[in-house]
Amino acid sequence: MLHIIENLLDTAQLSQLTSILTHQHAQWQDGKLTAGISAQQQKNNWQLSRQDPSYQAMANLCLEALQQHPVFMSAALPKVIMPPLFSAYQLGQGYGMHVDNALQIHPDSKQLMRTDLSLTLFLNNPADYEGGELIISDEYGEHSIKLSAGDAVLYPSTSLHRVNTVTSGQRLAMVTWVQSLVRSDEQRQILHDLDVSHILLRQKLLATSDQAQSTQAQRTQAQRGQLSEQHSTDQQLTHQAIEKLNQSYHNLLRLWAES
Amino acid sequence: MLHIIENLLDTAQLSQLTSILTHQHAQWQDGKLTAGISAQQQKNNWQLSRQDPSYQAMANLCLEALQQHPVFMSAALPKVIMPPLFSAYQLGQGYGMHVDNALQIHPDSKQLMRTDLSLTLFLNNPADYEGGELIISDEYGEHSIKLSAGDAVLYPSTSLHRVNTVTSGQRLAMVTWVQSLVRSDEQRQILHDLDVSHILLRQKLLATSDQAQSTQAQRTQAQRGQLSEQHSTDQQLTHQAIEKLNQSYHNLLRLWAES
Amino acid sequence: MLHIIENLLDTAQLSQLTSILTHQHAQWQDGKLTAGISAQQQKNNWQLSRQDPSYQAMANLCLEALQQHPVFMSAALPKVIMPPLFSAYQLGQGYGMHVDNALQIHPDSKQLMRTDLSLTLFLNNPADYEGGELIISDEYGEHSIKLSAGDAVLYPSTSLHRVNTVTSGQRLAMVTWVQSLVRSDEQRQILHDLDVSHILLRQKLLATSDQAQSTQAQRTQAQRGQLSEQHSTDQQLTHQAIEKLNQSYHNLLRLWAES
Amino acid sequence: MLHIIENLLDTAQLSQLTSILTHQHAQWQDGKLTAGISAQQQKNNWQLSRQDPSYQAMANLCLEALQQHPVFMSAALPKVIMPPLFSAYQLGQGYGMHVDNALQIHPDSKQLMRTDLSLTLFLNNPADYEGGELIISDEYGEHSIKLSAGDAVLYPSTSLHRVNTVTSGQRLAMVTWVQSLVRSDEQRQILHDLDVSHILLRQKLLATSDQAQSTQAQRTQAQRGQLSEQHSTDQQLTHQAIEKLNQSYHNLLRLWAES
Amino acid sequence: MLHIIENLLDTAQLSQLTSILTHQHAQWQDGKLTAGISAQQQKNNWQLSRQDPSYQAMANLCLEALQQHPVFMSAALPKVIMPPLFSAYQLGQGYGMHVDNALQIHPDSKQLMRTDLSLTLFLNNPADYEGGELIISDEYGEHSIKLSAGDAVLYPSTSLHRVNTVTSGQRLAMVTWVQSLVRSDEQRQILHDLDVSHILLRQKLLATSDQAQSTQAQRTQAQRGQLSEQHSTDQQLTHQAIEKLNQSYHNLLRLWAES
Amino acid sequence: MLHIIENLLDTAQLSQLTSILTHQHAQWQDGKLTAGISAQQQKNNWQLSRQDPSYQAMANLCLEALQQHPVFMSAALPKVIMPPLFSAYQLGQGYGMHVDNALQIHPDSKQLMRTDLSLTLFLNNPADYEGGELIISDEYGEHSIKLSAGDAVLYPSTSLHRVNTVTSGQRLAMVTWVQSLVRSDEQRQILHDLDVSHILLRQKLLATSDQAQSTQAQRTQAQRGQLSEQHSTDQQLTHQAIEKLNQSYHNLLRLWAES
């Protein structure tokens, strides 16, 4: 399942990142250096060196933005997020069809991590370059993804995907991988659906409760007494149903989370 | 998880069953005949022969009652229900601590079935006999269960359990086993919780929707227009959340149901 | 994962089906009759009655076509295929967003079956009607599917989907559901990928082997001797690798198939 | 895990089978007729036609012998046993290295069955032919199996195996496949180990209990009273431990059995 | 499954803890500070600050006691134990019905841990306060738990539970959570049952072996010779059965342990 | 599944290790110190102390050799490798039948690790001692393993195994345990089979591609053009099939790897 994560970075944050990336002293290196054997011959782009003095601050900014974005957290249920890679595709560059390696070595902890989800954050706008679409392939056809600066796409690392050749301008992006607490895409999707429903219904329930109270203020006291009692039992049942949703969500998470 | 299934049979159905069971020509046999090796020496009761001319009608009555009871269906998710056994415990009879066999041969299809859940339906009232409690054991202590005529208890067949010796009167009961579509007790409980929440919230939503409409009738037209629009978007979001709950329930069932 | 099953029916078979469906005595009934509670209010179409005298022959024709189509068999790994439903959407008809029930009762065996996969076979051409697209929804957007007569789409029953309102002409289709031997979409996809690779590489290997032999005929005898020996060891290793692929496929199927 | 099933047939049963198989009117056919595509070119033997008038009686004799053999039942936990194939390997015949198909169509029920376990029952003695060993391969080397008439080997169908070319005499055997209630070889092995331990310890406990009683007869009454009480508590604890083993076995079976 | 862990702390340890907790300088804070969103409004108690100078020593004392208690270790199979929380419920305080969060951040390692099991250790005696029962709820009714000082209850974190309002005196307790090596309650229970049976039968076997030897001393040498041989084979078989139990336990643990 | 890991150490490395182990100052200790309760009475050998000044260098040498051996890496998929134990069996020493503990504490990280696989590396040659075979037992009989110096055997820790008594000379070996990323032996075997096939077919494809090019050099230009085009499509399809194998391998690894 694809998820679009909107507004992961705001305009100020984007400016900060792009000014560093387009600065003349940015330390770029050949993207092939971090590609697996099968992907190596497909990959043709630049990546910011992790030794670049600005790298760590940029990486932290992105990681914090991810950890504070409720849609990302609910849809990805991250256990580990890889340190981001900042990439630039210039005229004629692209990345042929490939599948990401199942396991990567985390550069800090030196532990193997499993790549359950891939994420691409677009750092400049579609108007700034031609080509450069992220193409995620399935048998029916191909999803073509080119988002506004600050938006990201999160998708299962099991898919074949590529980046179209850039035919004008320059494409700036951040990519990273997530090892999820919940390995299966099918299970993660059910959890995300339940989470979204639970939150929306909890809000709606509270709204209804407030609205009911203001409506009541216009009634006679006798009407109020009768309605209030019935309303209170209703509210209690609804409240219990919402709590049961919450319990179901947490018990599913217990059943599925590898921690 | 234990579930109490209330009012599985009504008074008329109970009279019909008990008058057959207490009739002088009822064909009883020793309960040991249907016990596994380990249970055989623990079991001391009477069971109605499946050759008794009334057996089949009685069995059908019980099976239909089970299949029409929404709590039983939601909590048990039955794939196969064994033909019921009708038992009588008379003065001094009981059933020592035992565990039910994991697999039994279905007497009609001759197929092996897995006993995921056990069910005892009480056919006469607690006042009619002393002793005869169904005791379900765990390390903390013991659940003692003795229900009104027509009520049943559904519990995991993994537990150790026994029937206390009857010290006066006679205890009449129907027992059966269920192979569930969903083998795991933990998974079945989550599905049941979701099902209960989903149904309650759907009803509540419709009630709220009707109430909101009647409240609106008392407002000016201008107020109505404005509120109506906002209300309609709210209703739509709530409706989508309820549908997502339904989708989550069915997708969990797909993930877990053996069919 | 979506799969397009091409040329499931040929022109003759399509003519046969559509002439029955458009005959004045075809016995249509309201599609709501076979919809679950949640889908009922969304569904607005006609379905051919299973009592229609032509129904059984039409159903058999479609079931046999499915069972003989290698892509369908490899991608769906069917354990049970539901008897097809033939539907007509006329001007103004459609089917709102819904999720298919996880379990359905098979009309012949009366057994519950799990709906892992849904299939729509288009019986007339896109030019014959406007609207009527099958829309399969995910968060990124919506897949819109409208195929040539004789082609089908196979997709996971876990998805939300709908049929757009027909705005001119009439849309004829056959729909059915599959309970797969392999419940998980992720697992089924890996099996299908392996199956496709295995068959292609086996064919390629044989072709290479033949080509190598004809190439050899043009060489001197001495060259031939030497090359032949090396070639023979190569061929043997390749052959073993292909057999191991076959073994891996069958052992994965053993691991995952519910039978 | 390999299991040797000893004395599956007795001398009288073996005579009955071999006299039919070596009778001049036995209806043999080419073994390739029942081989999958990959196995077909490896297979070179004769098989008794299922249309042979003696076939059904022979098959029943073997199936009943299997169902009454406690080691087979405990180690295989059969859900379905395929109708046996009776095969003859004559001078120069054999069966090259192959893997059995994961799924086969049961000739009676027409249902797909999963081949979890393969079984070869040797119908004549090793002295009656040279060659003809069943070779089951793993990376360390190869198990070579040639058993006395009446003995059988049960082994996982996941393995690569072959039958060595017969270089004198004739090899008669019965082969069949089992779909187990418990799909995983690892799980089935744990269940078999527990079953064997449970039965042996239960027998040992009863023996100890008898022996203790006879020993006691030689003691003074005072000694007896004291020892008896301590013994009785010990016996009770041991009995409970044995019952818990039984419960663990059945609860593991519940967890793993597909029924 | 509930487990009562008896005598986790002895009288001296309890005195040490309670004297710190009831000391005037103990640093208490509002329990809401460590509650999840859903639990926050239910929780009304005091908790000792982790910054209290005595906290670490108290926590270590409890963690060590847990790690040395054989019933706790066998029933919980702990992978991670959360640092304990020490709580006080004073007059009018309690904790409404809630479910514990599935994931918590370990305060030392900052890693997410899964809460499979919850534990409450009672630090003062039931006579010291009224109310304050821990109520663990299931559909049949409610388990009410109020243990002697030094005893603890271990129960699945999937359950709904609450603490009744204290109506006199003060309730002191330690609570913590366990991420188990074995996530599923059903699996953990089978392992615990096997472990208990294995240890008891191993002890019994050795006892029998000793007893048999002393009995033998009273027999003639000839009797001894004969019995001894038979006994030795019996002992060997029993010993093998006990070893197989041990192997089964370890192989189940291998199958299920997340490490 | 057993795997023989050949040439794990070369002659120079072996000399280095054995000269340390046979040096008079090597710090040996009784092997019982590192045995579990059940294994303790079976174990009779010497082990080099981890405090021996040469220990760490020797351990590192072995761990690096393992991590660079492609067969070991592919077959074991190690997540954690235990620090090696160096053992010596002298005249009359051996290790009775036992099963390794499922969980061990890693001496460096103090974390529990699961022992999925056991490895024995032979440090001197079979000619240097009599007896000392590693015997891995299954019901069919016993695998007897005694390898050349520098070779190792990798086998599932679930098996019962022993070391025969040494009857002359001295047996030097290194043993260790692996917690695999993939817990199940059945799954690991499928991954290894796929990996081996994938690598062999990829090499073969490239070889074929080169050979085809050199063959072509001998043809006329017209022939070349025509063949080249067809060849290029063939190559592309084969290349895609090989890539799909790679994708299947990585997606299976994602499905199964605990990281």
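We just call them A, B, C, D, E and F in the order they show up, numbering each chain from 1.
To be clear about the criterion, contacts are C-beta pairs under 8 Å (C-beta built on N, C-alpha and C of every residue); 3 or more make two chains touch, one makes a residue touch a chain.
Here the structure is a predicted model, which means the values were calculated and not measured.
Undergrad: Can you work out the rotation angle that lays chain A over chain F using Cα coordinates, in steps of 5 degrees?
TA: 120
Undergrad: From chain E, which chain is the farthest off, judged by mean CA positions?
TA: That would be chain C.
Undergrad: Taking the mean of the C-alpha atoms as each chain's centre, how many Å separate chain B from chain F?
TA: 53
Undergrad: What whole-Å value do you get for the distance between chain D and chain E if each is reduced to the mean of its CA atoms?
TA: Averaging C-alpha atoms per chain gives centres 43 Å apart.
Undergrad: Can you check how far apart chain B and chain E are, centre to centre, with Cα atoms defining each centre and the answer in Å?
TA: That gives a centre separation of 32 Å.
Undergrad: Would you please write down the residue numbers of chain F that are in contact with two or more other chains?
TA: In chain F, 158, 184, 186, 247, 251, 255, 258 touch at least two other chains.
Undergrad: Pick one for the touching-chains graph, please: line, ring, star, complete, other.
TA: Graph shape here is other: it fits none of the named patterns.
Undergrad: Output every touching chain pair, sorted by label.
TA: All touching pairs, sorted by chain label, are A-B, A-C, A-E, A-F, B-C, B-D, B-E, C-D, C-F, D-E, D-F, E-F.
Undergrad: Going by the contact rule at the top, pick out the chain A residues touching chain F in the complex.
TA: Those residues of chain A that touch chain F are 38, 97, 99-103, 111-116, 157-158, 160, 179, 183-184, 258.
Undergrad: Could you please specify the touching residues of chain E with respect to chain F in the complex?
TA: 79, 181, 243, 246-247, 249-251, 253-255, 257-259
Undergrad: If you look only at chain C, which of its residues touch chain F in the complex?
TA: Those in contact with chain F are residues 186-187, 189-190, 193-194, 196-197, 200-201, 204, 207-208, 215, 218, 234, 237-238, 241-242, 244-245, 247-248, 251-252, 255.
Undergrad: Spell out the part of chain A that touches chain C in their complex, as residue ranges.
TA: 1-4, 138-140, 143, 145, 153, 158, 184-186
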